[in-house]
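The two complexes that follow have chain A in common; it is paired with chain B in the first and with chain C in the second.
Moving on, here comes the complex of A and B:
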């Protein structure tokens, strides 16, 4: 085996460079193809990552706990007690990175000019900061100072639509636990910036103020939580479900189906692109190797006449392909690494304006070349490329020496 | 003593569309060890076909061929390749060499196929190349050798594996008369000094004048077969 390799490797390598132009073109075809696959994977991964992060870090958390029925009818009628017993134990354990209780009900906000439907959220600011990025994205005024803060924090776009401002008042109307309509005036103390949908939807006040408004006592609507690491999330959810069988416990995949769909859609898109690029590459590779073989029919006849077994000839041509495509793969990997390294601070999607939000991405994508992807896609390209050239190689091995030599 | 080549009633037909072309029609031929034989005849008489059959490159339509006592008509493609490797040295009219390998590498390649050790390969390549008068040109690729030098490399390569017989198909056809003379006297010397058996298809009178056995083939049949003992120098 090593003898065969030692015999064929130098021959294959030199044959590869007999027609440098064609070899370079094939190397470029493979290199550019692989580069585009890798870059595509990198961008789409960054995009879906960012879309997930945006969702998870905005409000959802990695998982949420609700009373049964809440998700279908998000009102104060569906509440849960503050965690106690086994549930509190798990939330307090190292498995859970952070958790935040919220009152969260559908409501209506009213200014002097306009009335709009919103989601009214009461939070405990210290806990909320550990789950959500939103408290950090304040563009005017300040965030809530504690669970008893009576101010209200609104999204930038909502403020514009309500034609209100910091220091002005808005009225919140919501149903309480018994179905009674309740209302209360709030002073606008802070304005946050997020995606337009989020800005239009979420308004925040202190959790105790919200509990009082909807007469929820010390109950809450939901608990958002993050696992210590994302890999441990499924196990954490299983543990929580066991501890609180009468509650609804779901991960972000189910809670934010859009973000989840985006990330799965992108994965199938990468696969599709892989096939398209691969088909193009295969045509290029097979074509060039077939040419290389046809040009050398006489030589294959000669090699057979000299006593080289047909299967060795097959090996020789196969090794040529392994080398040829290998060089292309290395070029593609190098190009991908260089391209990704060119954006150390991520890619700012600011130029897309609010368009980027439509698919749920954040403003800055952080492209990262995952080792697993690199190995997977390079491997697929390499192996499939070599398999594609086995056909030309078989032709080379099947050359009848007499006919080949007859073409003098 | 067994013959190196033993052909019995060899026939070979080519089908061209509906026409049946009989290229070789019943040839009986034995070549003994140490012979220096020419196979002459007009173009299209079947020389190449017969040589290819003897060398295991082509299969006869009928009859049997034995090389060094081994019947070859039944061998598969890989076995036949092995037989050519061990028993037969080929010298063709042109394009005999692997273009990406130097003269020495061309010789060594066949030895490497045979599994001969590196030092032995080096030694033998050096030896045969100097025997054919190419010392100093070992590292040249075929493109940088003249036609005559290329044919000498081919002869050297055929000799290096120490085959039972060297089959040469019009080895001088592409050479000027000086190079042709040089090549033929080289082969004759090798035949005399090392006892290597040669069978050469040719209609080159310069070659025929040197051979000690002269076989003539016309229309795929042996027309005459004569041994000559005192060939001119």
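Moving on, here comes the complex of A and C:
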């Protein structure tokens, strides 16, 4: 067997380069096709990753705990006690990477010029930093310094719409736990940058200040948390639900269905693209291999007349395809690696402006060639390509020597 | 009221300490409010909303009691007649006769325009804010037509839920409010209310015509003219209730 292969391998390789132009064209077809599949996979993965990360790291965290009814009516009337007992134990355990309690209520912000609806969030800065990226995205001023910080941090776009600035005063109006309207002046101490929707929605102050404003005592509206690893999230949620059956505990998939839909949709889209590209590639490969076989009918006849078995001819042509497509696959992989390496700092979607936010992506995509994807898609192309060339190979093997050599 | 006021003004003008002047300024602003609303008031008012392209006149009956309660009912034109706004310490409600429904105003609505004018519901419901949330200081005085007109800077108290940087209030020595200018926190003028005519209403000198001008919208203003008024009456207890808002006995 090895002997046969040792015989056929150089033969096939040499055959490949008997018509270099045709070979190069086929290699290019395979290479470009695979490159496009890989690049698509990389980009869409980066996009869905970014949309998930943007959502999860913006505010949501990987999961959130609320009082029942809060999600339908986000007011101070629906709140929960700071975790204690079993719940606190799980949150403090190694299963949980971080958790952050928040007061989070619908409110109104008022400046000299505008009154706008917002979500008023009281946070504990040290904990919040472990869950959310927002505290790091300050573009002016500074973030809250502690749970008693009386300043307010606003989004860039909100500041523009309110025509206010760092150091100026805005008034927050919110309903307290009993439904009474409460108001308080806050000094703007920091401005953050995020998606426009987030900038317009979220305003932050110290959690104790927010608790006092809405008279929530030491209660909170929600707890956002991250699992130690993403795979452990379902288990963590089950454990939390068991520890606090009367609370509403959900993962980011249900809290942010758009981000989840984007990531699921993109995964299916990659597969769809794979098969479209493959169909096109297969036509090119089969065509050129068919030509190669038909051109060499005379030669196959001679080989058979010299005693080569049809089985080996089939083998020989198949090995040719394996080599041909293999070279194409390597070219495709190399091109994909080079393309991805060309963007070491990620792809800045700044040119799309704020349009990219519509589909939930962050501003910068970080393309990364996943080894699994690479092997999977290359493997599929390679194997399916070889399978497609079995038809021309079979044709070559079926040639009868007399007939073949009789042809001129 | 009047003798006390005069005494306060005289005392303050003799004193040099800023504290006394501040107290005097407080008294002046309070006097202006007392003059404007009294313990209680019942006024008939027309409101003229002016825009570059159109103008619209509405007639209003308004009742106030103390600092908290106000009931405003539109009587003309026909399509607005019956619309009413009730403000109490507990909140602000509006009544629409076409829907025959009372709606409690959500906080987000409080800053919206009131019946298309340059006033907001907040202006209606927070009128006493000037008394409670600001420190007052006399910064100038001028004699106009035999009266001393004081210019008072009202600076928000620290932590007061106020968006303005400063209000500049002009009050005449007999307690007539002559103007109010709103500044943002960079001390740019945002809007300005002027008293265009002083007359006698309900037996007292009164700012009969007042106009509100937003600074950034030239050609737009709202003018309020008081036609008649009675002060320190004893309004019936049911006046400032939701039931009276919906089924008016007044």
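Definition applied: the second predicted complex is superposed on the first by the 408 of 408 C-alpha atoms of A that agree within 3 Å, B and C clash if a C-alpha of one lies under 4 Å from a C-alpha of the other, contacts with A are read in each partner's own complex, and residues count from 1 in each chain.
Definition applied: a residue touches a chain if its C-beta (ideal position, glycine included) is under 8 Å from a C-beta of that chain, and two chains touch if they have at least 3 such contacts.
None of the values given here were measured: they were computed from a predicted structure.
Steric overlap between chain B and chain C is absent once the structures are superposed on chain A; the two fit side by side. Within the superposed three-chain model, A:185 lies in touch with chain C and out of touch with chain B [touch as defined at top].
Shared-chain residue A:11: touches chain B; no touch with chain C. Once the two complexes are overlaid on the shared chain, A:235 sits clear of chain B and of chain C alike. Geometry note, superposition on chain A: angle between chain B and chain C about the Cα centre of chain A is 160 degrees, to the nearest 10. In the superposed pair of complexes, A:3 makes contact with chain B only, with no contact to chain C. Residue contacts after overlaying the shared chain place A:111 against chain C, while chain B stays out of touching range.
Of the two partner chains, chain B is the only one that A:311 touches; chain C does not reach it. By the document's definition of touching, of the two partners only chain C reaches A:170; chain B does not. Contacts of A:68 after superposition on the shared chain: neither chain B nor chain C is touched. Once both structures are fitted on chain A, no C-alpha atom of chain B lies closer than 85 Å to one of chain C. Across the superposed pair, chain B and chain C touch chain A at no common residue.
On chain B, the positions that touch chain A within their shared complex are 52, 55, 57-58, 77-78, 81-86, 88, 90, 92-96, 98-101, 109-110, 112-115, 157, 161. Looking at the complex, you find that chain A touches chain C at residues 107-108, 110-113, 115, 117, 163-164, 168-171, 173-175, 181, 183-185. Of all the residues in chain A, the ones that touch chain B in their complex are 3, 7, 11, 14-15, 18, 298-299, 302-312, 401-402, 405, 408. By the touch criterion stated above, chain C contacts chain A in their complex at residues 91, 107-108, 110-112, 156, 159-165, 182, 184-186, 190.
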